[in-house]
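In this document, chain identifiers A, B, C, D and E correspond to the written order of the chains, with residue numbering beginning at 1 in each.
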Amino acid sequence: MSRNHAKRRRAKRRKHHTVRPGTAPGTITVDPAAPKPLVRMIAYGPDELVDQKLESLEGIPAELGRHAVVWVNVDGLGDVAVIKRLGEIFGLHPLALEDVVHTHQRPKVEQYGEHLFVVLREARLNDRLETEQFSLFLGKNFVLSFGEREGDAFDPIRERLRLKTGRGRGRGADFLAYALLDATVDSYFPILESYSDRLEDVEDSLVQSADRTNLGRLHEIKRDLLILRRALWPTREAIAQVSREEYSLITADTRVWLRDCYDHTVQLIDLAETDREVCADLMDLYLSSVSNRLNSVMKVLTIISTIFIPLTFLAGVYGMNFHTDRGNMPELLWKHGYLMFWIVSGVIALGLLALFWKLGWLTERRATAGG
Amino acid sequence: MSRNHAKRRRAKRRKHHTVRPGTAPGTITVDPAAPKPLVRMIAYGPDELVDQKLESLEGIPAELGRHAVVWVNVDGLGDVAVIKRLGEIFGLHPLALEDVVHTHQRPKVEQYGEHLFVVLREARLNDRLETEQFSLFLGKNFVLSFGEREGDAFDPIRERLRLKTGRGRGRGADFLAYALLDATVDSYFPILESYSDRLEDVEDSLVQSADRTNLGRLHEIKRDLLILRRALWPTREAIAQVSREEYSLITADTRVWLRDCYDHTVQLIDLAETDREVCADLMDLYLSSVSNRLNSVMKVLTIISTIFIPLTFLAGVYGMNFHTDRGNMPELLWKHGYLMFWIVSGVIALGLLALFWKLGWLTERRATAGG
Amino acid sequence: MSRNHAKRRRAKRRKHHTVRPGTAPGTITVDPAAPKPLVRMIAYGPDELVDQKLESLEGIPAELGRHAVVWVNVDGLGDVAVIKRLGEIFGLHPLALEDVVHTHQRPKVEQYGEHLFVVLREARLNDRLETEQFSLFLGKNFVLSFGEREGDAFDPIRERLRLKTGRGRGRGADFLAYALLDATVDSYFPILESYSDRLEDVEDSLVQSADRTNLGRLHEIKRDLLILRRALWPTREAIAQVSREEYSLITADTRVWLRDCYDHTVQLIDLAETDREVCADLMDLYLSSVSNRLNSVMKVLTIISTIFIPLTFLAGVYGMNFHTDRGNMPELLWKHGYLMFWIVSGVIALGLLALFWKLGWLTERRATAGG
Amino acid sequence: MSRNHAKRRRAKRRKHHTVRPGTAPGTITVDPAAPKPLVRMIAYGPDELVDQKLESLEGIPAELGRHAVVWVNVDGLGDVAVIKRLGEIFGLHPLALEDVVHTHQRPKVEQYGEHLFVVLREARLNDRLETEQFSLFLGKNFVLSFGEREGDAFDPIRERLRLKTGRGRGRGADFLAYALLDATVDSYFPILESYSDRLEDVEDSLVQSADRTNLGRLHEIKRDLLILRRALWPTREAIAQVSREEYSLITADTRVWLRDCYDHTVQLIDLAETDREVCADLMDLYLSSVSNRLNSVMKVLTIISTIFIPLTFLAGVYGMNFHTDRGNMPELLWKHGYLMFWIVSGVIALGLLALFWKLGWLTERRATAGG
Amino acid sequence: MSRNHAKRRRAKRRKHHTVRPGTAPGTITVDPAAPKPLVRMIAYGPDELVDQKLESLEGIPAELGRHAVVWVNVDGLGDVAVIKRLGEIFGLHPLALEDVVHTHQRPKVEQYGEHLFVVLREARLNDRLETEQFSLFLGKNFVLSFGEREGDAFDPIRERLRLKTGRGRGRGADFLAYALLDATVDSYFPILESYSDRLEDVEDSLVQSADRTNLGRLHEIKRDLLILRRALWPTREAIAQVSREEYSLITADTRVWLRDCYDHTVQLIDLAETDREVCADLMDLYLSSVSNRLNSVMKVLTIISTIFIPLTFLAGVYGMNFHTDRGNMPELLWKHGYLMFWIVSGVIALGLLALFWKLGWLTERRATAGG
């Protein structure tokens, strides 16, 4: 398990190193380990819809003239030729294409000539939280979207497009782009809720006992919330930019829907920040519990030690071998010497207990959260 | 008790999961567990007032033409049909209606066509602090308000409307909207004051003794203040937006009153932030007390141990069985050997006490807050 | 003492609860425990001055026409009739009057029609720091000011007005308002300086020894600085607003003086923030000292314990009763057995001391701040 | 090793002291220990390229007229004459030249007359992270760049210029300046990635055990990230300024590329800030682990001590020498006295173990991160 | 020493109390303990220079007409008459003069009529860091500057003025003002560098051992950096204001030089902030070291205690006096009983050592920073 973990990490590290300093800017190089691209085209107008997986890209230009909206979705970035050819077909800027394949971009929006380029990050929660890049080009009558691998959150959108009655069919490419962005943003909700749930579990557990596993769990949650925050803050900016600025590609009607999407990003950030604060509070609570426990351990040690240490000394005294026949240690010869010893011992022990009682060490209530 | 607690939590979690990624935006789905709506209409002008609980919504359009202001209040969001019908009657945007039923919105203001949509959160302090959504639509001659369940803070407003002499009767719908917002905002005051009171109690308690229950109480207060803060900050923004921007629905006169309401939100945030800082300070004070106590426990242990450990060794020495007839341990045969032992022991003990005195371990005053 | 303390607190709490949710906005209700108002009028022009305590308010309107400036000062807010009558005489807005009697306002400036309404807070340092509200209305030819109780910082101003040669006599009401605001602001200086002095005392004390009383003192100072900060930040904003914005009531000349007053608020905030940081640093220093002391206590315990524990074991060994006649424990029969025991004990003790020396436990210097 | 370290530090300190207060502003003084300048000129147009190392600067003016772009690169700032002569040739402002040689400038952009002056910092990771100053003058047809020593990140750029087909050859001096800035910025990526890797190593190590070396490593990483942050924040501002503002020297086309470079600085800052937070989290994790370990050490001590202390007392009691013939200590004479002693001892020991079990001290799981 | 310290403090406190609330604003009162003023005038034009110490101020007006620039520098503020007379000669505003003598102003810039008033703070590092006020009036053809005592950083400027060839001689009063401000700002560099050096010393020392003196040193450095920060932040604002805003007194050429001075303030703040962060990091490092050391002390105690406690019990057992003739304690009669005892003791000790080895308590490396 731990080995796999280390391997996954090393894999992750390699992925990072995609910007080689000194490479000419605008150069498109792909990670050879990335999955091969799967291309799917959905072309539609108010009255028709074509949905096909493409082996060759050469049919796209023809479809562009024939339908109101053409949506080409590419899952997997492992083939330079495909990326470049798409760049030619849709007339994309080399810097934008470079950003598509270098999958560590922060969410952002950029206008290149007549089309809009949007980068977001999708969150995936496998056994470790990861974010993947989702890039989107919006043109007058097309949307071109790129995901890092197969499997996306867009099936409900495809479903709705297929229904004639759905809202989306009669609207332009900008509404489709909105729908994709909105689905990507909304995919954060169940993930953030799972973290809230985990935090409540940790809190419940901490209230019971200051179990040490909680420390590791809190650390992991904190690290993942950091990842989410890094993805969400620029997402908010990007959506705000799309919905506010006067991009001619986006109609006023779509902007109303984007404003709603923007509200969702604000809510997500709010959730993430709250979770982070709760996380910090629970860490404090954990540390306080640990320090309380140390205190209580020390108190037990101190009470038992301080009671018995004088008694042991006393017993040691009467174990000494001074010769009683020279008048030393007359107590040893007393008739009730032994009884006296026990009485004195009892008095000392009770006296110390009374002292501890007065200091409040014996009476302190054990609070639930301070156990 | 703890079970109920867990149940309540689970219930709460379910409520969270209302935004299902992939749902078409603008879809109105209600939580089936939500209470059924109770609809109450108050329609009035300077000289008349109609107040009735509505079974059917179909009478509303007729009243809209007949009175200066129509206020429809809905408590409970458990019936899609009612929500949708109200949307049709008043001509509301589907996105706004969606926000009404998804009751986890942050406070905000939005203009949809000719009406204004405001979301605030009401705080309720049952055995756990909770916030509920309060939504309000303001039109030219109507106010439509939604609460999550029966029971609201608006009875004094209804009372004042019923009095002919009240300020509100002769004014427009915007003044009614202000009154509702103001009542919602003001309902935070007693709650925040109760937290201030609880913090003062904890402080009093901490000054007496570093009782462990305080840790749990501080943690709870901190968590609740976080909830209040999350509700209050966007409330301030929302009220500021309504009172500043040039919404034609809001008259200059009402804006003066809204500015006062804005002042209240600023004061609330100020109270909440102060409480949070006090909370953090008390946490520090608690931790310092705990660490002080550990110190004092350790000191008692150390003083008693270090005094008796050498004495016990000495007693052990004279308990050894070396044969005195071979000249070993001549002290055992001395006439005053036993007396000497006690004298030496006393000198050692007093010497160590003097050392501790010099180190300042015995003289330190017990400070109230450091006990 | 502690009882009085609790009483004062309870009194304070009651005072808080002045905004009752549901009360009609603009309603003037007074705290029945507030002192009765004492009204004093000073009316003056370049060449004359009238100064009288007023029993009845009805003489004011006449004076308003007769003098260049009329200053009515009210100390004590315990009589609704007086407040309301003044509102009628000077034509004040009900919301402003409500803010005058609800004495928990944050400092602010508001323009109501033709007059300006300013709220500041005065700091009073009795046996606990408290802030009281000071409200001021500025009109074309009058200043109306309200304090919570008798005793204010304005006697030097009255004195200067009485002198013909003073700067203020020939200037308008706006200069008088400036003088009152400036005096209120300046009254924070000696209070903040007293906190700086107390912090230096605590620092001196901490350098001597980590006395526990310091913890309580630091906590109190921190809490009071929080109160001061809450009062000062909005004061700065309020003074900035008065001195910057184009209120026609304030002449350009007075604005220069207000800019100076603004500088004072900036300086006060700077002092308060510095004190807060010093406070936090001292808290850290205190905690470090405590933790250092724990360390040193533990070290003494460890050194003495680890030296004597093996020796005590050795003494215990030779106190065993194995029968020497069966060949056990031949050491007991040796001629120099006892001497050997002491030698071995000495070697062990010196060896352990050497070890501790090498670990650096014996040589560490006692630093002043780390004692 | 430690000596060299100290030496390097002292060297570094000396370097700091370059601004002598009282020196006339605009004076150019060089650090005598700085390396002598190596000057290299690359002059090119769409169809030709001259690349030569210059011994004398006097040939430059002639080349300026002959080629589209002249790039003079100077590595080493140890010769006042060279710097001054270049200032004359290119007509540079004395303040800018002063900034070139005082190599502790923060990244910035300044316009002096017709040319633009940009300062960035290059990061170098030898056995300690260091940043060096890179300064650049951009004129209509020239770029003049200064590095602190030989060895730069620009070889790939020279390579691309030499290729006729490269993007850069046909463009102006502003594109060359962009390429140099971009290469300087991109050189931070591998350095930041090395810190991320080191942090992951530390995390892996902390999960295994709370080894103390991690503390030192975290401290070093934290300090280096602070250095990087100091360099990166103003870099972002500088690049933003160049790419946004209307400097006539920069064409609209180059601005698009600079916007991409700006994105890189944002990403770098994001990486650095994330690393800093991870660093802080790991520090917390380390401290929690240490405190957990202290707890577990104390618990072992307490369990063993509290079990044996009463037993030792009991053994001491029966080692006392009270005379049994006077009726004292009858237990010593019992037939099964010794057996009874062991039984009582066993009961005490088991009783205490049961108590510790109940307190949860024996069962606690050892969590990975809390070991 | 400590007495002097206390005295100096008390002196410092007295100095603070210069704003008496209630004093008429604009009143000039001097601290009677302040040094008497020393007035020096340097009047110059492109071709002449007069430099004289003035006993009487009455010669100044005549010089004002005769030279291009008149610079009057006053060191010491202990004479009201001198200050007031200068106010009359140069036509200064009473509020500005008040700020000159109340030497606790924050750095700021203010325009009074035709002249500009600038306040900065000079840092002086005697045995405690102190800041003194430097005030400057700039008029069309004069500069009037005030320092708190003799000795300033301006001798190099005077030197340069005396040289005919210097830059300053031919320029106006605004360039002289710039030179004075720049020299004041630059005087912070060596002070901040000395703090950086001290921090590096502390770091070196902490890497060696967690000596307690470091705590006190860090505390002092932190406090002084706080003082520097308080002085530097408003300095930056003041210089920015002078260099940006359209004060007609400042020529465009001088503004370029002021922009350079502004860069210096930014660099200073950057240095100070970095030092503060380093300081906080070192404090953390110190605390971690202390806590590590406590851990290691506890471990030594625990190892030695837990090894010997059971052995001591065992020895105690065989020191008991149960009568062997009744069959008790047969071990005492065994032939190899004593040998067996040592064997059992050895097994117990080795077993416990093995346990500690397994817990990793014996093998842990001592890291340099965690010693």
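As a convention for this text, a contact is a pair of C-beta atoms (placed from the backbone, for glycine too) under 8 Å apart; a residue touches a chain by one contact, two chains touch by 3 or more.
A quick note: this is a predicted structure, and the numbers were derived from the prediction, not measured.
Engineer: Looking at where chain B touches chain C, is over half of the residue numbers used by both copies, so same, or under half, so different?
Structural biologist: At the contact between chain B and chain C, which are copies of one sequence, the residues are largely different (under half shared).
Engineer: Distance between chain A and chain C based on Cα centroids, please, to the nearest Å.
Structural biologist: Here the centre of chain C sits 41 Å away from the centre of chain A.
Engineer: Express in whole angstrom the distance between the two chain centres, defined as the mean CA positions of chain A and chain B.
Structural biologist: Between these chains, centre-to-centre, one finds 25 Å.
Engineer: Could you check chain A for residues that touch two or more other chains and list them?
Structural biologist: 291, 294, 298, 301, 305, 309, 312, 316, 319-321, 329
Engineer: Please classify the inter-chain touch graph. Allowed labels: line, ring, star, complete, other.
Structural biologist: ring
Engineer: Starting from chain A and stepping next to chain B, give every chain of the ring in the order they occur.
Structural biologist: So the chains, read around the ring from chain A toward chain B, go A, B, C, E, D.
Engineer: Quick one: which bits of chain B touch chain C in the complex? Just the residue numbers, please.
Structural biologist: Answer in residue numbers: 153, 155-157, 160, 166-167, 179, 182-183, 186-187, 189-190, 193, 196-197, 200, 204, 207, 256-257, 259-261, 263-264, 266-267, 270, 274, 277-278, 281, 284-285, 288-289, 291-292, 294-295, 298-299, 301-302, 305-306, 309-310, 312-313, 316-317, 319-323, 326-329, 360-361, 364-370.
Engineer: Please output the residues of chain A touching chain D within their complex, sorted ascending.
Structural biologist: 6, 9, 13, 16-17, 19, 21-26, 93, 95, 104-106, 108, 110, 112, 209, 211-216, 219, 222-223, 226, 230, 283, 286-287, 290-291, 293-294, 297-298, 300-301, 304-305, 308-309, 311-312, 315-316, 318-321, 324, 329, 331-339, 341
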